[in-house]
Amino acid sequence: MDLMIYVLDTLVFMGIFALLSLSLNVEYGFTGLGNFGKVAFFMAGAYTYAITSSFGWPFYLCLILAGLVASVLGALVSLPALRLREDYLAIVTLSFGEILRIFVKAEQWLAGGVWGIAVPSAFANMDFTPRMQTWASVVLVWVILIAVFVFLYLLMNSPYGRVLRGIREDDVAVQVLGKSYVLYKVQALMVGSAIAGVAGGLFAQYIRFIDPYMFLPLVTFTVWVMLILGGPANPWGAVVGAVIVEFFNRGSRILKDHLALPFDPHNVQYALFGLLIIFLLLYRPHGLFREKPLKTGAEAEVAKWQSSS
Amino acid sequence: MAILVVNGISKSFGGLQVLNQASLEVAEGTITGLVGPNGSGKTTLLHTIFGLIKPDAGTVSFRNQLITGLKPHQIYEVGLAFSFQLPRLFFQLTVLDNLLLAARNHIGTSFASALFLRRRWRRQETELAQKAMQILELLGLVHLALHPAGELSGGQRKLLEIGRALMADPVMILLDEPAAGVNPVLGRRIYQKLYTLREQGLSFLIIEHKLDILLDFADYIYMMDAGRVVLSGTPKEVIENPVFYATYVGETQNAAFRS
Amino acid sequence: MGKKVLALITVLTFFATALVGCGQQTPADKQEQEEVVKIGSALSMSGLLGPMGVKMTDAVKLAVEEINAAGGINGKQVELFIEDDATDPAQCLNAVKKLVEVNGVQLLITGMSSGAASAIGPYLSERGVLAISPSATSPALTGQPWRDYFFRTAPSDEYQGKVMAQLALDRGLKRIVVFTMDNVYGVSLGQVAEAALKEGGAEILAFIKYDPAKMDYRTELTQIKSLNPDGVIHVGYNDDGVVVYQQALDLGLDTIQWIGCDGVYGTGLFKTEASATFMANAVIGTRPGAPEGEDAYENFVAAFRAKYNEDPEVFCDTVYDAVKLIALAANHAGSEDPAKVRDALLEVGQNYQGASGTITFDEGGDRLGGIYEIWEVVKEDGEFKFKRVDMITLN
Amino acid sequence: MFDIGQILVNSVVTSSLYLLAGTGLTLTYGLSRFPNFAYAEFITLGAFCGLFFLAKPDGVFFLALIVAFLVAGFVSASSYTLVFRPLVERKTSLIHLMVASIALGYVLRHSMGESWGWSAQAYQIMWPVYNIGNVRITGLWIILIATAVLTAVALHFFLTRTRAGKAIRAIASNPDLASVTGINRQKVVLLTWFFGAGLAGVAGVFRAADTRLFPMLGWDILLPIFAVTILGGIGSFYGLIIAALLLGLAENFGVVLLSGLGLSTEYRMAIAFLILIGVLIIRPKGLAR
């Protein structure tokens, strides 16, 4: 018994899901794209990592490839749907998630099909104790999380981020103001998918074995719960949402040991999450954290102007 | 010298012919008015020029360059700007951001430069902010610069919508009823500003129902009815033409002469 | 903002307390902990394997009860911790980690599916925690580097696949379709059978995989009908099996000989009359069986029936044996240390007479050979029943 | 080699199910302008309602259909009143409506899972089987096809002859127009939510009778139903009929093709997906528009 390992394990999952939540934040929170197939890009990243690392390539290269492959898939999926209505994008991404899982399952030559595929740990050669191994994963995941967080913070507080937010509000108006919204939407989906792909790579690296049953639509739903709860278009919200939901997930397992309930709280949690989402959308659609105005330096000019006039 | 040439545009929705061989020209450095009763196809024509609607037939050229079939953002690139009749603002963004989003050739709007040319776009951002504040001062919205656009009143929204077109630094602006929904004094102030821009060489094509204001500022007027251009001339020629009255007979009670 | 952060902190603290609360024991707890042996069970209680897993968990409870009644392990009572892996290997790893790190369990019954076993294997080996899987049967698990702390009481499909093939060959079936569900169990059993059939000179007309979750197999069955085989090797579970048989009956496929496996053995198949009728008409099958005359199996069935008023289903016997073996090995070693229990398991796990027959582990923790039962379905007095036709011993 | 007749019959059975299940979706989607992903759960709910009557061999099938219709319709109409209408009134974005529908789906599915159990269950009715030449057809299929055809005919008369029916068509084709012509929009929409989900519940009973009953039943056929709805043109009932037939044929013959090519028949679902993508690229408004 080593409680520390469990805490670290929780931290790893929090970090991975925070990445997913951030990636959805790029697409939905900032750009207003409803990606209901998040799990597909997570899965694409995980499998890319698994396959490339089986060639003996170093883990950072595999992670980059995981992001790239997911990102290309994101672009491909978006093309037929982006010029059309947003509900079509939702249906297409949702279906894509299901199809990709069938594909991986059916094509055994690719990555073991239903057998799944074992993934070497990134720290296999380092002679770590289990606790250190988990520590190493925590550091890896959270360093990447912080890097992605900073990257997105900078990107979203730039004229580029302003265009994305504009597209969320009214894509035709953005087009009239000279920016091709299709291009931006594809880019947003590519960035979002790349982050989800990296998260998938980290997941594969940490869990060391993946098979198609791990990538059910439930994952997508969980990520949406995290983002809506935390607050869309606020990077802190995305991370905090992931932390809370993962905490609840773990907590409900442990709660069961201490409370005698007629049902398994771990299984009921998804129904509860569903109710939570409905209540949030009805009474608090901006979640725990509100969107913050852009910080590009332009707002500083206003103060000067307002005080002088 | 015509800067914009619209030649024989037709468009029908379902069975309804909204535009029927509509043609007009805008001379460089002028304010050209587009008038006509409700439902005569003015707004549809303006949308078609800007690529928001695909015409069934006809061509549009701008500075001798064919722009029919181009997407709105490509038409923006050649130097046109557009302002909607009903404001389509970014309601959760600040008033300032609404203007800055319209800026032309902003380095930071592309993915790579947003990340790697930070210095450059931040400098540009400061300059653009000053320009935006000048426009806001003109529109009387300086005190609201950092408020979300969604908090503006109807009239203020309309002003911001026009402000965005000004922010775009275009060669020519298409405006759909700039004076609608704002008080007459402000309406005139807007037109005065447009007039000073005209002096600096900008061209305008403006749909307007408030004829009393338009006629004071316009260099040339086109009148549409039932999807075709029925009359054109200087403001003086147009109001003296009997067709003008004939077309507006049913409209006199309406917006045409409201002031 | 301040309120928000406060509320957030409150919620997190609540869960943090719940989490850490399990780690920090009061003195009374500590004393108690010394007096119990913790065994954890993480099988599928929901998801695709949920129906099987619930019954298996019942069998685990039964075994623990019996152990406690007989004095426990090394004089200590057994405390059972039950988790659900929701038929998701990632959840299984999550559940096992919780059992090990939070509850302090070191002896586990888990890895219900081969996927789950693969997911938890490396972790178990690193942490030196012992697990026995009652039902992971994939040959691919044999010889994995993490097998030092992982045993299984279900024999590898390597054996059963050969028995199924032999059964088909014995019946003179020459043109055969292999029809398996698309998961590790289905495909590996199907592939073993396919190879053995080819060796035996039969012709494989098609190898059709179906999605066990899909529950509509009419197209695949129509395809089988068009191929007009002598026999069908079918690998499925109860849930999809009942639909397959029902729809096969609709299509008139009961004129062909079907050969089933342990997955389609169970009263779950009699839930619809159509399925039961089809089985009586067309299906014979194999399953790991208890040797004739041994009463270990009968005693287990009787005890299970007495407690739950139901018949045990597939893998209930192997999971029961797994718990009993852990207790036996721990008693033998005189310690609950996983490393010692493991060594003891290899000693006591030689010709152990369990409910699922004679269990002998090889050095890799796999169950050797075994005895297989050939079964058929008969209708007696209006009731459908499984009936033993023959026993085959493999080594 | 392949039994064309049997595959044709299978196709018609599949089509009938998609038609029944798709009718409600296309009408509510057309009227309320968002895809309700919780629709899958109305199908499942209908199937579970049927269990009350069909758990014994002497159950009355038509009673099950009626109760499934009423319960699924009631839950759907309540969910519209409690969740979706308030959201629409708050001018919630399309994406939020879709998220809410997915969330509602999870609430319903997991509640059903917890109360009826996650394992598959079965109805206990035995259906007679008829041989027509080499083709076999069961009593259930005959009832299913008949129900689908009758529903289609009845709906045709409802949509063309009655005031409410005309209102539905009017709103579906032009949401702004209808409010002008004095139709009580709220009532019409509520009626559609009730009626459409009722048909979904009926489809659920048929699906469960033909296969088995488990909480994922509706979700597993949601994708083809969406494909059918979009292929037929959202809100178009007549387009739906053609689309259901097409997809039924495409799936059943597609599976034959798949196995001919040596691919897994699990790609069956991908057929609906590919058709969906094709429609979105070539004719995004569907067949009927």
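So that you can tell them apart, the chains are marked A, B, C and D in the order they are listed, and the count of residues begins at 1 in each.
In this text, contacts are C-beta pairs under 8 Å (C-beta built on N, C-alpha and C of every residue); 3 or more make two chains touch, one makes a residue touch a chain.
Everything quoted here is computed from the prediction, not taken from an experiment.
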item: Shared chain contacts [subunit A and subunit D, defined touch]; value: C
item: Per-chain Cα centre nearest the global Cα centre, belonging to chain; value: A
item: Farthest chain (mean CA position) relative to subunit D; value: B
item: Distance from the mean Cα position of subunit D to that of subunit B, given in whole angstrom; value: 47
item: Centre distance in Å when subunit A and subunit C are each reduced to the mean of their C-alpha atoms; value: 34
item: Approximate Å spacing (C-alpha centroids) for the pair subunit B, subunit C; value: 72
item: Whole-Å gap between the CA centroids of subunit A and subunit B; value: 41
item: Shared interface positions of subunit A, touching two or more other chains; value: 102, 105-106, 267
item: Overlap residues in subunit D, where contacts from two or more other chains coincide; value: 113, 264, 266
item: Where subunit C touches two or more other chains at once, by residue number; value: 46, 182, 209, 211
item: Interchain contacts (touch definition) - all pairs; value: A-B, A-C, A-D, C-D
item: Subunit A contact footprint on subunit D (complex, rising order); value: 34-35, 37, 83, 86-87, 90, 92-96, 98-100, 102-107, 109-111, 113-114, 223, 226, 230, 263-264, 266-267, 269-270, 272-273, 276-277, 280-281, 284
item: Of subunit D, residues touching subunit C in the complex; value: 1-3, 6-7, 10, 13, 57, 113, 117-124, 126-127, 129, 131, 136, 138, 210-212, 214, 216-217, 220, 251-252, 255-256, 259, 264-266, 268
item: Subunit B residues touching subunit A - in the complex, by the definition given at the top; value: 50, 52, 71-73, 76-77, 82, 84, 88-94, 96-97, 100-104, 106-111, 114-115, 118, 121-122, 125-126, 128-130, 132-133, 137, 142-143, 145-146, 164, 168
item: List of subunit A residues in touch with subunit B within their complex; value: 151, 154-155, 158-163, 165-166, 168-170, 172-181, 187, 291, 293-294, 296-302, 305-306, 309
item: Subunit A to subunit C touching residues, read off their complex; value: 1-7, 9-10, 102, 105-106, 108, 113-116, 118, 121, 130, 133, 207-211, 213-214, 216, 240, 243-244, 247-248, 250-251, 253-255, 257-258, 264, 266-267, 288-289
